[in-house]
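The first chain written gets the first letter, and so on, giving A, B, C and D; residue counts start at 1 in each chain.
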């Protein structure tokens, strides 16, 4: 080619290679800590209304993960979104146009700041770490009400976020200044390459999200294995340039099974953000349907709607088993623990060094 | 191999890598200018009767693109091709032999020079840039009537065109002399490689079409990403050898979604020629059916007939949205604009420098 | 890998790259000459009973190709194999076990030497070049009757043939001595690599068959593009070591369309052996069913049975069109001629130099 | 990638390249000898209850292979497991959750040491080499009863076994000491890489199993061709470091046809462990259903259940033919013998040197 392009690899393109002693599964730890907040498992709930309601955020927190509520989602647009969620739960993904129109309509209702405060309070009352997601576009407008409500971790997440957004119309969000002014840890993203990851780390973020959801509509596809490994290289370089500031990488996308979780961590992620896999639990607010926040965009919806499937069991069963399904969609973190044991690693940080092999899916 | 072969990449094999700051979508321009003719979007309508009739050429022009009428198509063979188009609209692509026979029969009607003049006049009356397509074989015979009728841009397009065609029977078209004698911009093609692209540029053409439609029947397949990048290398070298003559590249083929448009431009194209994607608009002359001009060849038809599908909306909706389909087939150029914004580019020329990654589809 | 392996390419993995001037299709010649025998097209009929009967051998000869009768086939086992062929024509490939059993049963009938003589005579009376196929195992036994009957070209073809077969039981066929004693051109094969091809050339063969049919059962798969290119390298080296003896390469397998023929020749083949594609003609002896000679092996049948499909037209239409099917299965050699014209080549020998690109199918 | 990964190849990714003289199929030997025990074919029965019962272990031994009974399987949990096997034979793999639950339930019955002794005796009475499989976790507990019962070969097989297992709770099995204390040959595995294979060889094992069954749930996938070739490199190095101790490699997984067997041996294996392919014989204890021992894990079942399919014939027919199926699933070792003959090799050790080519499946 007159123009060169490097090859990118998906999680499906790689596999873990065990090449050390094995270890007892009971000796393995999956503990993850982000800033002052410890978690039993490196699991972040994706801020889609399909899985994260105030009550499932609390449920995931109780199970040792980190739930994130989207303050631009249905729970902050409707006093009681139950009917809207029920109607979405009934949509059929065969008819993607109708499902998309229903999403666009549901999200055309304005965000209500008072609901934001209510929802945050409900989560805080649940006794778990409180994290909410806001888009870069609305961060400045929604920050006051979010901070007043008292959150522990702020997630600023767009499909693709850069450290420096250029605009001739609005005063864009200056992430570095914004984060410096806050005294709570901020997670930002997504991003897909070394350079953007490094710039996002330099904003002072505690965590960077790797992956951008579904942007195939834009010709942007993210080979996750490569994206995580590149961001991990940025983390290493940033660690060096700051003399020791460690930024967490949260892998978002391409993760369906316990094996995918193991591979994402093996590529260098500190935690995974789970969306669609969590729709299979009994507690899912939309009865098992799935959609990405970008799927409700009024002019250019991106990301398919997935219609509801039978739940596989409780959230606890999804995370910790026991499994009665041989496909790796249940006991997600028991599977991770076993993979670590089979490869002889004791904790998540060590496991990032596991050997990988390129492989056809 | 005893014989060496380079690897070619399709648009599906690559993806765009955002690696800069992001930008406001409203600050992005998709303006394209070919010679003296400016266009709001880098969109050329493929001269197939399935999509380009005199009225849709005008409609596309009004929307900011460049429609092209095939002067060897049905509109210049029949006083009123409506019935022929209706009968083609009803064909089923399951039965490819019947569809092909119907095409062969429809195009066995001779071309009527007086109809050529009529159709050109109709487009001119529509108030848009007038462009017509003629095949290299018929260029010398049809040029007088075309030029008399008064066109703005002439498109000389065969499945595969070379700067020097060799024939022992006829006096072949000498493109260089022919173009030098004209005082209007000429677009020629298709071609698929550096050498042919460079030779076509040297004929004095204002634009070169990259891609050759469906020639799998001949064992010729065009990896579009590679073909565009190679032609872009030829454009660079030709720019250098002429001290500044810039020839436009129009990518024809393998483009189905807004993402594909972004990738084609990212490989180095200046504009895209859209065929099948435009069949999904309400205005499509054959009710949504699709066929390539070569599909009606009397002895060796090439290119499948695609039977009519439900329209997705008006031409305007296809080009500019709003979309209610998450697959990227609506709001084609709104999607392009958003891709440019996400990658931080302001205009099309800048966007040709965007990073690419090799990726399995 | 501790053990290294080169990558092999199939015809489907490559495509032709036009990169020269184009040429009039009427100025292109597809003439092929093997020893003293000229042919209008480089087409050899595969010696399977599914396509080559005495009458279709004559028909193919009349059309300018070279038909080959299998003297170990049904026509030399049964006085009148019509009923056997009809019963095979009715078999369903869904039930591969029944089809295989029927084949095994049909071929358990012994070969009758007097029928061999009869069949050869019938072909000779048809006024075409007479070629028959015999397996290496039966060459010594059947040679006298074949030679007495008077054939022009002898094809010694097994799934895989080596210049030196080792046996502790029988006196194996010494190809070099056998061929030296004959005064007619011999074609031998199949083979799949440089070394075996070179050794087969050194036996004095006029032609070498590249490709071995269906041996996936044995773990042997033939990437045809690589196999042809390797054998072409052997031909070049043998040409050098003999000071000018040119051995023809006949590509057998992986060829379904006119495009595949063009690619096989572009890789270096002099002619193609067509089996399954010819089953689609009206004249096919088994009504369109297809099986490879090895598919009737009593202990280890190899190669699937393909049940009869609707014929696409006469043998003449298959070879020379006109086509009314856009898939390249009709007008096979008209398509080849057009591919040569599009790439600017005048004859087959020149066309072997055409550019190739590696490409996913 | 910031992290590098080598490419791994599956058996499906490679093919055998014949490049020597051919040989009579009757001159080829498939004899394999492990320690003092000679076998007519390099075939080990996978210790899954789906195929290996006391009677099929005897039947496989009589046919010249090595059957292995799982002492942690149903035959050592139930006095008469016939009903359990029948109920499993009736399960449908469409409903993988029900099948998995039934497996988990069936294997929740405790292992009965007295049954272990009974089963070993039954096999010994059958007059064949006695081999049983035990997991590393239960080796120390079950070894006394196994050894007392008198076995010839001990197979210590987990999905993934390392020479040094680390545990803070239990005294783990020290393979090296354990094997040194025994006076019978031990086969251990599975493993997937050079390093683990080498360490397992250093435990004194007579054979090492390459392949780990189905661990995709854990993100571990084994490209078998690469795994075998890597283990063969370990064997070579171990041979050198010990001055001549040859450890046998038994390939387990990814093997479906005679061609796969040939490829596994061509990569360097000494024998193959066959599981699912043997379910197609009349004698299969679960009527043709298939499951991997790990599929019944109480908390994290791995490996799909395959519901029963029609048997293809007797075990003898599966191994030695005659075949009436062209897919290579019958006459598995007749096919191997023919592949060796086509490539000109006389015995298995020589055949490990056969040429390979990388190829898309």
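The criterion applied here is as follows: contacts are C-beta pairs under 8 Å (C-beta built on N, C-alpha and C of every residue); 3 or more make two chains touch, one makes a residue touch a chain.
These numbers were taken from a predicted model, which means no experiment stands behind them.
K.L.:
Could you label the subunit C-subunit D interface same or different, taking same to mean over half of its residue numbers are used by both chains?
P.N.:
Different, since most residue numbers here occur in only one copy.
K.L.:
To bring subunit A onto subunit D by a C-alpha fit, how many degrees must it turn, rounded to the nearest 5?
P.N.:
Resulting rotation angle: about 90 degrees.
K.L.:
Where the CA atoms of subunit C average out and where those of subunit D average out, how many Å apart are those spots?
P.N.:
41
K.L.:
Could you put a whole-Å number on the gap between the CA centroids of subunit B and subunit D?
P.N.:
58
K.L.:
Can you tell me which residues of subunit D touch two or more of the remaining chains?
P.N.:
194, 226
K.L.:
Which word fits how the chains touch one another: line, ring, star, complete or other?
P.N.:
Here the contact pattern is a ring, one closed loop where every chain has two partners.
K.L.:
Considering every pair of chains, which are in touch?
P.N.:
Every pair of chains meeting the touch criterion: A-B, A-D, B-C, C-D.
K.L.:
Can you tell me which positions in subunit D touch subunit C when the two form their complex?
P.N.:
9, 14-24, 26-27, 194, 225-226, 229-230, 232-233, 236, 257-263, 266-268, 321-328, 331, 334-335, 338-339, 342-344, 355-360
K.L.:
Along subunit D, where are the residues that touch subunit A in the complex?
P.N.:
Of all residues in subunit D, those touching subunit A are 1-3, 5-8, 10, 13, 96-97, 100-101, 104, 159-170, 172, 191-196, 212, 214-223, 226, 295, 298-305.
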